[in-house]
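After this come two complexes, each holding subunit A, first together with subunit B and then together with subunit C.
And now, the complex of A and B:
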């Protein structure tokens, strides 16, 4: 619909730096890394033993209610504790980030019609529960084994986080749950902007939440060979010549996105304009990205075009930059082909790869470009790789004023999304 | 979303149900009572070398999806420039092979108890390293896109109903905005996975008449076509209010929501056919009066024949409806899906010239 623009008016985040957007912003501004030993479960015998773990030892309803402003109805806290739904950490992270974004944007009753567009990760499977259903060499699951209508046992439902956010915030708009793996967060934000631009919504709460810091998540990634084999905080080295794999992270980032004129009319603070976005598919292999980066290049080209910009308008690229040999090489080729030596960084060395929430946390990081004139650094980047011919910002952030930034997220399975954010005027 | 002009042309459909893999003809089988009862599908086995290789990485629903994507592409004769074709799908829960999970668990047991330490040492090694590609939800979209070379705009939406309708809406938005000119859109899922079945039972759906099923459907949508099967005129998702903490709205609330939703989508246009896809008895009761209110001549309840296959249900209903319009020579139909996610998905389809 002509003239409608999507703007970000609120942000909330949970990451290895801690709970709250300020924790993320301050950690990145200081050039720190928050990777450390896994504490959520005993990982001593697991191939991977470090992660970007949120410093919350036990997710609980009381934690939500008392410390993070997530208001539950009478009896709801006890019901949630009993049901076990918070065993899936991403439910807790998503609620915290959503509540923070809502408060930050100073949303009120009028915003309760908001739609929800959220990227979520794989259902968490609880191995200890599945073990109780072992019958010889088969697993036999019956309804009686599940703990009541809302009980979470064996597996949490994909859309559980969305359902709880909708209920707790009292949202009456439609819900879309994106499951595009590592591209889900970026796709959810792109979808929110698209809804606003075409007049399907005036306000959308969007973003993503994920946690794979659990035995099956960490174990599954290890079996794929994706994580770095080094059990040290510097394990993830995006674009570095010595890079050898990713670090699994967890957390959430949520945004309130509104139609610009509406946001201005109610006096909201504008954090960024969502100027354009585009998605492509590698259509190459299940197990590897397209080596030439051509479909990633296409996503970036189209996002820039949809923003009515040219490549030279982009002042910073937040790369997917997983720290894996294949991704970084392919992505660097694409960035170089389109942007030349634009300043580029990946924050995955600092917070890990948040999987479905990666794109969302990285968009939150991009806001530093407009709120503090800081371009986030690339933790543990020390040795440039000739195979990645791009201008990689080192571990410390770069002080530079830019008008537009682009953020990439590329998912397992070849789903790519690029989002362009602009400085609000 | 209401589409301009006649709407967006649909030039091909492909379905996979208990009756097998097919293009058109689903409506006739349903109307004539020739469609088998919902059950586990005997999906065609892979025959091409690339299929055989990739199927090892697939969940059941991913294979369903790949089959209907291929079927729709073939019927549409979309052999050129596939790198620009979009793909938008409603997908379901993780489809992990329980045998694979069992191997991991068995190797992690110590003195009759699950041992985390042993899981790390031995359990993981007992697990197929490619297991992750079976359980990631988005691979229900990605496997088909990879096999068929669909590299355009795409999105995978988790769906227990309206996620698939959102996929259709996004496909239409992608075409009307110029992001692509052609797209496949649909859904694939199974409600027969042991854990999914257990969840549906625990949530009370099975005892209230949900018939678990599995299947897939894909539509080929394009910006222009001379003689399409039909047109997508409107796509809407209507959230329905429910008490906090409940999964679906009360029957009366759903009933009260359905009529305004239908009228809103139709925008005063007449409707000859109503196709309903209620998840079970309460939803069916809520929608019972809708055809009469809309003064529709014909009403079909797809769930009675096809059962409930979660992410696949709305797409199967659309495919059936396009068949129905052609078969009965009726100009317009409203398709309303009310799945276990509790919200309403409404699609208005018009007869094409094919």
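And now, the complex of A and C:
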């Protein structure tokens, strides 16, 4: 299958900037941050009280109601609402982003054989469901304890988002669900490109969706100690000397990826070429990256090599850049070792850490480099850190034309993925 | 529905309800034993499905208990064992790690302290003080889908390609992803491990309510798949691992060869027989033995046999390893890769445990063990929603 290239022809996004890719693009282009107080639940007593929360009032049912028009089979919404499914924000975010990408790429019946490659995170456990199973100090799970045929498991199953996207869009190709923690979104896109290049698919809908802005998600992260202890919108400061932790975000980004000649033949707009991708593992520690960044460096090197490029061809690096002391330092070392002074930024200060969806939303941000000649900024970056010897783009985006960009996503336990995007010609 | 080419297995290990030694498990399969028993994990007396096939014993003591739950620990055990048994495959950056993960559970025991003092839907003020502050510091790590993968990569020094995929065909997906990585040359050896347990409260509840799981009260009362009265699967659990290498690299260290494929057909329930047959057709090369999906539903079993007959011919031998081991979810394909190879090497095909009255139709459900000179077999796995896996196993 020599010569087959994967191109992005559609994008959809849901982020703290709002619903739709334009909201994300315009927010980043304006150099704004969308981090704010948590509204989805009462977090006043939690150690972490800010998040990159999607600005939707209350329930996800209202989210879907509001954006009913983007779904092709809106008649299903009522049934889903009854099932409780729509309370799962990541299912809704994924559906909306997928529908937007599908529509943006002007896909139709001919594309319905598309495969699906989705990155997902932790399953949602709904407290109200679990509470019905409690009987004093005992856990009772019997048929009478849970209403409806879709019990707890079916509301929380890991691949539920993929299943629903497939159903709504009527896709008939293979489904792959990637659960490599914070590397999942990047891995899903890399897997999609691989399928195109190998001839295993001509069209793949790919991306990731996640939401941990709920009591269990925020509570669990707080107990782990990963979030910044500062409950203020500027809490996440990637690569800044004062960085002290991440801020949780939520949302989704989805892409239609096609074989290039097919896309051109049908007159699709080419947003970017997926030029190369690679994964590696740190094999170091569960909760910390390899300090010298050597395996992250290997992922970037291999991705560049697979794109048939040299490091100097890369004009921008979208860093994983969580804002945690160790992660940023290790990544900065790796970026500096391979690319020297290349402009680098992290959008996590603007939208938070979308966890499984981080790599996907960051690839969506990278498209700005080709569509607007803009390299996104690093919100709240003010004081350079000598331990991070790289050219960090400040809070405002950098106007610059580049031909290739590279995006990093690094997951728990050292699962690394790097993806190179190229300007379409 | 393409597959990724034939790769050599150079090491393997497993934990199943019938034991953790492939040769010994085969003997129990040949004897027609069934692992189904009253659920010993928790009180299921009020459940529709009260039987389960569980792994005896517990994972070995390990420092990783801080981060990983029981099934993940089993997964890590078999992964490390498989690599050791493979001899000296590639290491470091040339060793990839691919995990198939059936799906996360609620882990009720962890959540109890959090939930018992909550009111309403926990959106009320004070939720942190009312229980969330009691979460185990590593609760999030326990729940991460890739924690076993991440820690095993550390243990074995695997620094190459790696990913974790999810779903009830996760084992087949992981085998396939590993085969692709080997085929394109990004690694020289791939450790593939998969683990899953259907023996969890919410899973048993939903399987029972949907009618997919047996309601029999005793193991003896379970009616086997492909029997005219089949009435549901026995939920089980397993962990299994294989080391894959390119055949030329493996040389005479190859203990078997496999090709794997995975798909989803969009169904909300089990995949269609057509999807299963299509996967089988994609891999088949004159094979006359197939380990079926064995969903223990007369309608599905009949349709599956008819669809497979179009691919394999009407007289192909039909096995159902899960009639003995219980249904193993995302671990199924890797378990099949190991046990079918063991059977082919031994020249003996196990019967479908408990099968007394095979329903009429094409293919030949084995009521008794029989000898074989075949050197290859197909295997299918199926789970919800519409997820299917397949592999072809061949022995030298």
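Heads up, the rule we're going with is that the second predicted complex is superposed on the first by the 389 of 425 C-alpha atoms of A that agree within 3 Å, B and C clash if a C-alpha of one lies under 4 Å from a C-alpha of the other, contacts with A are read in each partner's own complex, and residues count from 1 in each chain.
Convention: contacts are C-beta pairs under 8 Å (C-beta built on N, C-alpha and C of every residue); 3 or more make two chains touch, one makes a residue touch a chain.
Predicted model, so just to flag it, every value in this text is computed and none were measured.
In the superposition on chain A, A:415 makes contact with both subunit B and subunit C.
Contact with both subunit B and subunit C is seen for A:295 once the two complexes are overlaid on the shared chain. Once the two complexes are laid over each other on the shared chain, residue contacts for A:174 go to subunit B and to subunit C alike. Comparing which residues of subunit A touch subunit B with which touch subunit C, the overlap comprises 41-47, 120, 122-123, 125, 127-128, 130-131, 134, 137, 139-143, 146, 149-151, 154, 157-159, 163, 167, 172, 174-181, 187, 191, 194, 198, 200, 215, 219-225, 278-287, 295, 298, 302, 411-415.
Contact residues on subunit A toward subunit C in their complex (touch as defined above): 41-47, 116, 120-123, 125-128, 130-131, 133-134, 137, 139-143, 146, 149-154, 156-159, 163, 166-167, 171-172, 174-181, 187, 191, 194, 198-200, 215-216, 219-225, 278-287, 295, 298, 302, 411-415.
Across the complex, subunit B is touched by residues 41-47, 73, 76, 79, 120, 122-123, 125, 127-128, 130-132, 134, 137-143, 145-146, 148-151, 154-155, 157-159, 163, 167-168, 170, 172-181, 184, 187, 191, 194, 198, 200, 215, 219-225, 278-287, 295, 298, 302, 306, 411-415 of subunit A.
Subunit B makes touch with subunit A in their complex at residues 1, 54, 57, 82-83, 87, 91, 93-94, 96, 98-99, 101-106, 108-109, 113-114, 116-121, 123-124, 127-133, 135-139, 141-143, 145-146, 148-160, 162-163, 166, 170, 173, 177, 179, 194-195, 198-199, 201-204, 206, 237-239, 241, 244-245, 247, 341, 343. The residues of subunit C lying in touch with subunit A in their complex are 1-2, 46-48, 67, 93, 97, 101, 103-104, 106, 108, 111-112, 114-116, 118, 120-129, 132-133, 135-141, 143-147, 149-151, 153-154, 156-167, 173, 177, 180, 186, 201-203, 205-206, 208-210, 262-266, 268, 385-387.
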